Amino acid sequence: MSNAATNMPAEHIGWSRDEMAQRAAQDIPNGAYVNLGIGIPERVARFVPEGREVIYHTENGLLGMGPTPEDGGEPELINAGKRRISAVPGAAYFHHADSFSMIRGGHLDICVLGAMQVAENGDLANWSTGAPDAIPAVGGAMDLVAGVKTICVITQHVTKKGQPKLLERCTFPLTGVGVVSRVYTDLAVIDVSTDGFRVVELAPGVDLGYVQERTDAKLLAANA
Amino acid sequence: MSNAATNMPAEHIGWSRDEMAQRAAQDIPNGAYVNLGIGIPERVARFVPEGREVIYHTENGLLGMGPTPEDGGEPELINAGKRRISAVPGAAYFHHADSFSMIRGGHLDICVLGAMQVAENGDLANWSTGAPDAIPAVGGAMDLVAGVKTICVITQHVTKKGQPKLLERCTFPLTGVGVVSRVYTDLAVIDVSTDGFRVVELAPGVDLGYVQERTDAKLLAANA
Amino acid sequence: MIDKQIASPAEAVKDIFDGATVMVGGFGEAGSPIELIHALIDQGTKNLTVVNNNTGSGHVGLAALIENRQVAKMICSFPRTANSLVFPELYQAGEIELELVPQGTLAERIRAGGAGIPAFYTPSSVGTPLAEGKEIRQFNGQDYVMEFGLTADFALIKCRQADRLGNLVYNKTARNFAPIMAMAGHRTIVQAREIVPVGTIDPESVVTPGIFVDGIVDVGDPQHESMLVAEGRTYP
Amino acid sequence: MIDKQIASPAEAVKDIFDGATVMVGGFGEAGSPIELIHALIDQGTKNLTVVNNNTGSGHVGLAALIENRQVAKMICSFPRTANSLVFPELYQAGEIELELVPQGTLAERIRAGGAGIPAFYTPSSVGTPLAEGKEIRQFNGQDYVMEFGLTADFALIKCRQADRLGNLVYNKTARNFAPIMAMAGHRTIVQAREIVPVGTIDPESVVTPGIFVDGIVDVGDPQHESMLVAEGRTYP
C-alpha cells in the first residue's frame, strides 16, 4: 500500500502544518491543562479558539507557558524544547519532581505529541528508530504518555520517504503501550477505537481510499 | 533489681529535668539540625551553649523553630506538640512530605526523644504500652528514629512506679530497631555500644552500683 | 475563562457522596478547613473514610464530623490529642475503624498517590507492629517496608491566598498536609482566607499550582478550632 | 554561627574525588552551574559519574567536562540536543557509558534518593525497551516498573539568591532539577547569583531549605552557555 504515496507530492494535498495544528486546537476545551510536544504540536497553542482559556505546562517546570517573547526572552525561561518562552499572569514555577508528579499523577488533561509510528492499538513510537548506532534520547515522552489523561498525536500521515506512520503494529521501539487516543495527520483526523483506527474527519479533497492507501492498517469509516 | 528503686525518692538524687536537658544540650554541636520531641526533650533548646547556632526542625513543616512567643503566638504557627511557637530569621516553611523527606532522607543530625523503654541493643519503645484497650497513636516517632542520623533519648531512669526503663529487651511494641545512640537519664549518660549499655557519665552523688540497681540490663563502666 | 470560585461552603461540598474517601488538611487546628467540615456536617454525608493526621478536638470541626457518626474510618497517625474526646470513645466502643500510619509514611503515601506512584519502600516502622503483614524487602542490606500510594475522592483544605485559577499560598505551619492532599484528591476544594486577582501571587512563590485545585470558596474570617473548644462550642 | 559560604568555585569543588557521582543541575543551559563545572575541569577530577538531564552543548560547561575525558558515565534522559557535539562522538566511539532514564523517572529517582526512599513503582516506560530487565509488578491491574532512588556524592547547582544558612530561591525555569539534587547530594554545593543576609528570603517562599545545602559560592555574574556557544568558546 505504501508505494502509492511516493508518487504524489503530499504537500499539495490535505492540511498544512498550521491547519493540522488548528484542527487539533478545536478539540481543546476551556480550562484544559495541556502539554504540547516539540514541533507541530507547539503550534496548537496559536489556534485555540477565542474565549477558551487553556493552561500550558512545560515539563521543565512551568505551568502557564506563554508565547515566544517579542524581546527575545531570557536564557533561564525556556520550554522543554529549550526555546525561550514567556509566562502568563497566574503562572507557577516548580521543580522537576513536582512537574512530573503533575504528569504521572494524571493531572494534565491533554498532551499533543509528534510520532514516528502509531499502531491501531494505540501504541506509540516517537523516541527511537532502534538503529544500533543511534544516540538514544527519550526525554519526558514516556512519562507524558503514561500519565496524561488524553494523548493526541499530530504527524504527517507518511514519512518523507512516503512510508506509512499509521500501522497495525509499531516496528520501532515503543514510547508507550496503547496510549494514543486520536491522531491528526495532514490527511485525516483518526481515532484509536477498540476496533482500530476510525476516521473521524477527512481533509478537504481527500477520500477514505486515498488515506487507506497510505496507511498500513485497516481504517474504519466514521459511521461504520 | 527494680524493687530497690521504689524505696528511694528518686527526685532527690541525680539530675533534675532541666539538668538532663542541659547535659544533652552540651552534645549538640554548632550547625546541627535538630528535632526535639515533646516533653523534656523540648527543654534542650534552652540550654545550648552560647556561640553555637542550632537549627530546630519541627516535623509539621518548619525549619528554624524559635522559642515560645511572648505575645502568645498564633494558631497557625505551632510545633509537633501543637504548642504555639515562633520562627527565627532564616526559617523556612514546607509541606509534610518535604518535612519527612528531611527526616527519612537522613538530613537531620540529631533527634532527642522521650522513651518508655530502651534496650541495650538500641531498640526503642516510646509510642504504645501494647495495652489492648489503648488508643494507638504513633505520630512521627517511627520516621524520626528510622531517618535521623543520631537518636538520643532523654528519660527518667525509672518509671513513676520505679520500674526500670533501660532493659535487655523492650517488652512494649517497638518504635524502631537498634536506633538509640545515647540515653540521658536523671542518673547517668549512657551510650548504646556494640557491647550494650556503657555509662559515660554519672550524675553527682550517684555511683555505678546505684544506677545498675535501677537498670534491667548490664551496665558497662566508661573505661571498661 | 477559568474560574474555580464557588459561592459557598455548602455548594463546595455538595458532590461529596456517602462512602467517599475525603482527605482533610490540617495538623491539629493549623490548616483545618473548619467551615468546609461544618458544611459537610450540615449535608449529613455518611460512611466517610477520612484522612487527617489527627481526629480533631472538642466538639467542633473534624471531631464534630466524627461525633455526628459520619465517619466510618479514620486514616491517621495520631488519633488522640489533648482535647480529643470524641474519637477515643467511639473507637473503644468499636464504632469507628482506625488505620494507624506513621506520620511520614502517611505524608509520603499521600504524595505518592498524587504523583502517580502506586507503591514505594520506606524504612519507617520496620520491626514494629505497624509493619506487620506488609511486604518487607531488602535494599543494600537494609530492610524496608512497602507502602501504597493513597488517593481520595475529595480533598478539603485551607489556604491563605488563592486566585481564580487555583494557585495557592498558605500561612506558616498551616501548610502541612494541604499541598500533598491537593495533589491526591480527585476533586480538591479549598477554603481561602483571601481570593486575589490572577497575577497577584508571585509565580516563584506559588506552593500549590492551580492544576491541583478544583474549587475555591472565600472564607475570609475562618473560625479557630482552639477558640471554639475553649468556649465549649459544639457543632452543629 | 553557621556560615556555609566558600570563597571560590575552586575551593568549593576541591573535595570532589576521582570516581565520584556528581549531580549537576540544569535543563539545557537554564540552571547549569557553569562556573562550578569549569572549576571541576580546572581540578581535573576523573572517572566521574554525572547525573544531568542532558550532556551539555558546544565546548563549554558540562560538554567541556565530558570532552576533557573526566566523565566515565552519564545518567540522563536526553543526551543529544541541538548543539551537543561532544557526547555523541564519545558515545559512538564507546568511550563513555550512558544510562538512559525517562525524564520523570530520573526526577523521581533523585527525589526518592533525597527522601530516603530506596525504590518505587512507576508506570513510565512499561512495555518499552527502557523497562527491560527491570521488575514489573501489577497494582490494581496495571503494570508498573520498579525504579531505584538515586543519590550522589556531590550535587552542583545554581540559584538566584542564597543566605549563609543555605536557604535558596531560584530563577524561573532554571529551578528544574536543583531542589531535588540538593536533597540527593551528600554534599551540595551551590553557586548563587546573590548572597543575602539571613531573614531576607521570605520563609514562605524558600524553595530549598538550608538543611540540604553544604556550601555556597558567590558567582554574581554567571556566564550563559548559549552565549559562549554562540561565540564559539571552548573550555579550558
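Worth pointing out:
So that you can tell them apart, the chains are marked A, B, C and D in the order they are listed, and the count of residues begins at 1 in each.
As a convention for this text, a residue touches a chain if its C-beta (ideal position, glycine included) is under 8 Å from a C-beta of that chain, and two chains touch if they have at least 3 such contacts.
Here the structure is a predicted model, which means the values were calculated and not measured.
For the pair chain A and chain C, chains touching both partners: D. Each of A-D and B-D has its own count of C-beta contacts, and the greater count is at A-D.
Farthest from chain B in terms of Cα centroid separation is A.
If you average the CA atoms of chain B and of chain D, the two centres end up 37 Å from each other. The centroid of the Cα atoms in chain A and the matching centroid in chain D are 29 Å apart.
Inter-chain spacing, taken between the CA centroids of chain A and chain B, is 57 Å.
Looking at chain D, residues 108, 111, 115-117, 122-123, 170, 172, 203-204, 207 sit in touch with two or more other chains.
In chain B, the residues that touch at least two other chains are 87, 93-94, 97, 100, 103-104, 146-147. Shown are all chain pairs that touch, namely A-C, A-D, B-C, B-D, C-D.
Chain C makes touch with chain D in their complex at residues 108, 112, 115-123, 137, 139-140, 142, 144, 148, 169-172, 202, 204-205, 207.
The touching residues of chain C, counted against chain B in their complex, run 27-31, 53, 77-82, 87-88, 91-92, 98, 100-108, 110-111, 122-130, 170-180, 207, 224-227. Within the complex formed with chain A, the residues of chain C that make contact are 1-2, 111, 113-117, 163, 165, 167, 183, 198-199, 201, 203-204, 206, 209-212. The touching residues of chain A, when paired with chain C in their complex, are 30-31, 33, 51, 53, 55, 57, 63-64, 87, 89-94, 97, 100-108, 146-147.
Residues 58-62, 74-79, 82, 87, 93-97, 99-100, 103-104, 128, 133, 135-143, 146-147, 173-177 of chain A are the ones that touch chain D when the two sit in their complex.
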